[in-house]
Amino acid sequence: MKNYKGVLVYIEQRNQVIHNVGIELLGEGKKLAEKLGVPLMACVIGYQMDDVVHKIQAYGPDLIYKVDDLFLKTYVNEPYTKALSTVINKVKPEIVLIGATSLGRDLAPRVSSRLHTGLTADCTQLDIDDDRQLLMTRPAFGGNLMATIICPNHRPQMSSVRPGVMIKPEKNNNSHSTVIEVNVLLDEKDMNVEVLEEVKEEHAKINIEEANVLISAGRGIGSKENMKYIETLANLLTGEVSGTRAVVENGWLDKERQVGQTGKTVRPDLYFACGISGAIQHVSGMEDSNLVIAINKNPSAAIFEVSDIGIVGDGSKVIPALIKELENIRK
Amino acid sequence: MKIVVCVKQVPNTADVRIDQTTGTMIREGVESIINPDDLGGLEAALRIKDQHKAEVIALSMGPLQADGALRECLAMGADRAILVSDRAFAGADTWATSYVLAKAIEKIDPDLIIAGRQAIDGDTAQVGPQIAEHLHLPSVAYVNQIKYDKQHFIVKRMFEDGYQKVKVKTPCLITVLKEINQPRYMRVQRIYNAFREGLVEVWDNSNLKIEQENLGLKGSPTRVKKSYTKGVKTAGKVFDVNPKEAVQIIVDKLKESYIL
Amino acid sequence: MELGFDKEHILLRQMLKEFTENEVKDLASEIDEEERFPLETVKKMQEAGIMGIPFPEKYGGEGGDYIGYVSAVEELSKACATTGVVLSAHTSLCAGPIYEYGTEEQKEKYLIPLAKGHKLGAFALTEPNAGTDASKQETIAIEDGDDYIINGSKIFITNAGYADTYVVMAMTDPSLGTRGITAFILEKDMTGFTIGKKEKKMGIRGSATCELIFDDVRVPKANILGKVGYGFKIAMKTLDAGRIGIAAQACGIAEGALEETVAYVKERKQFNRPIAKFQNTQFVLADLATKIDAARMLMYRAAYNKDHKLSFTKEAAMAKLYASEVAVEVTNKAIQLHGGYGYSREYPVERMMRDAKITEIYEGTSEVQKMVISSYLLK
């Protein structure tokens, strides 16, 4: 176990587009590496990765391990598992961080299984304890319970981390990393899954019951045009748009996005109610949300009774200001 | 064709509430259900069976009460049900759980293994791919469409921003999303037959013969150091402030709650 | 209430709850508003095996029992009394008597497709001049070679128009009174058999309730159910069993209304607190819940007796008498607790109250049930 040193971040990319979570994890990884006094490393796996490697240098990894192979052109579990496992076995990091995306949550478990080590899923908080162990905190039981997990006797300590939770680090164009190419022996035997087609869908089918963040509109937002602010806010917070029955009946929103007695019952991490008065028919569909923030002009609006934070004010002023601020933070 | 469907009995987390005076989780009266993604997996298997000849085997690991979930699988149309249950398996994390399930699946030797993407109590999405790794089988996760085509499956593998259509050889493991289908209802006739003696086979470690060091808590690389609820919801605050201050209040709260 | 329920009954109820929640609940107000028969739901019920619960597998049924069947009527009726009565008329009034009194050939030809749910059934006894006094049948069947020729009409026939198979009572010998009544199995396509006007009703508006018209309908003697002259007896026995189904429907309506009301009083606030905090609300709910449980006990006792081949005529009458009164009372008080909203069509209790009333009337009015019950006391 003593041989394992350093923090390794897996940089998720598909078609040479880097997923934000990889950058976020470089920021979090740096903090952990500094606490431990060890190097921060990144791992890039794919085909024609020079550009990706170049881009991530600005986010501060001391070392970048690159596996570049035609067999890795599109994501398929087995060759990627082989590539990442090979890098880990060679580098022996004490911590491996992977984004908890649809790809990462497929790749990480196979790698952990191959390496016979522990993996903690969907972490929202990471820390180092006095014994230099990684403390991995994650929600369970539909968000009702938080659990801190450790991996005492196996290395590396692997964690998948939810996208959007960790803060993206500042870009530093003067930063420089040492790039090390790792050769992984890949052949047809690793290719049991053949990708026939890859399709991008701008509007993947939504299910508001599954969303972690909902930005919800009520009649109080005033007009259909104002829905665009709601959408922008939802994008910035990686959430979905939902609304009240009134908004649906006005034709501002699809019925499948309606929350409440005649719509859906939701329990997101964040329910952001804009211009919603809080009629019981609506509240019964969202009152179990983890965090409720409400904006309403009427100081005695019923929605404030179920809100954690209530803002008395004009949504058409507060929301654009909030969007501006979030855009600044995201930059 | 032999299809194994991995099924977990879970508490319906949608019913779980936090006691507003003690801040603890109320588990009492929370019903046990078949994990929704797994139910999609069972339905996917039954649809393959409807079209091609197949034997569908529902496999679960858990305490003896989990046999209720398996009887539901039988009532929906599964041909066999196996419960892997042993005190020595208790306390297993995803590594040790997937190891036991892999050993059970090895004995069945199926052409296809379907697992739900993730269980609603743990939400890890790890057990499916980990089983595939233990068995050295190809795997595809996050699937929401399966078609069988001469020794291959053509499946749709979902990403956040689109999908891949992939062809995978058998034997293989697929993890499915609950959106893959609308599961059928249990058939009344099968319900009336689901409680016959010996219908659910129970396998313990005398059947699987797994080495002690890979079992249960001992075989689990991870440990829960502590767990806590988010506690009692404090009374909300209402602020009557200008937009600039309002934005600051919201952003601070979002940061405090790890949404930002 | 787990009294007398086996594990399969509990699992069956779980399936029925899911079915009702997913397939029935959202449609209830729509079919009420549009007075539309829920044909799509019947198809789904068929796929799940709900249309043939109490019949043996060899007759196309599910190999279940009456407790299972009335559980289905009860669960469906919690969300939609129309769907409940479609199942009840089909199972206990049409497939039921064919199973009890039919020949092997009749069971082969008619019961199997009914129990499988491929065909829908109905039962025709009531006439314009023969309601509670069912002996005054004016529909006449005259023997003609190997056939009978039927003329006349029936009214208030549930599932009419959508049913394929009808059990019809007709007078074969008016001089014998009730002993001159014979039961026939009719098919919807028989020449001269037409569906008349559809009733506009107060409740269960999605169910098809129509007149049947028989104009020289030629029915083979092979379609006589039981024996000539046994029709009245068959009808009365059939209604005994049918009443358990209506009691189950009434229980379902009452339970549905109570569930809606419990949810409402917890949410609705007046005088700064949920109205559930008021003692009036609490006491009313307590009374209603107790009455509902008592009605269910009576209903399941009758079903249990039927399953165990014990006498159930009086038990079924008591169950129906009490459960229908409870349904009317519960839905009425449910609206009261909902206040103005309850009177609005936005909340289902308004429909439930309209639906509840019929349970005091059809398959024997409350007065008929009292006649049946008292006849046992004064024997």
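Labels for the chains are A, B and C, by order of writing; each one numbers its residues from 1.
Operating definition for what follows: contacts are C-beta pairs under 8 Å (C-beta built on N, C-alpha and C of every residue); 3 or more make two chains touch, one makes a residue touch a chain.
Note that the coordinates shown come from a computational prediction; the quantities given were computed from them, not determined experimentally.
Taking the mean of all protein Cα atoms as the centre, the chain whose own Cα mean lies nearest is B. The chain pair B-C and the chain pair A-B differ in C-beta contact count, and the higher one is A-B. Centres computed as Cα averages put chain A at a distance of 54 Å from chain C. The geometric centre of chain B is 41 Å away from that of chain C, both derived from CA atoms.
Rounded to a whole number, the gap between the C-alpha centres of chain A and chain B is 21 angstrom.
For chain B, no residue reaches two or more other chains under the stated contact definition. The multi-chain contact residues of chain C, meaning those touching 2 or more other chains, do not exist; every residue touches at most one other chain. Across the interface of their complex, chain C is touched by residues 71-72, 75, 184-189, 191-195 of chain B.
Touching chain B in their complex are the following residues of chain A: 14, 74-78, 81, 101-103, 105-110, 112-114, 116-122, 124-125, 135, 139-142, 144-154, 164-165, 167, 192-202, 204-205, 207, 213, 237, 267, 269-270, 288, 290-293, 295, 299, 304-314, 317-318, 321-322, 325-326, 329.
Put simply, chain C touches chain A in their complex at residues 263, 267-269. Those residues of chain A lying in contact with chain C across their complex are 280, 283-284. Taken in their complex, chain C has these residues touching chain B: 6-8, 11-12, 14-15, 18-19, 47-50, 52-53, 57, 62-64, 68.
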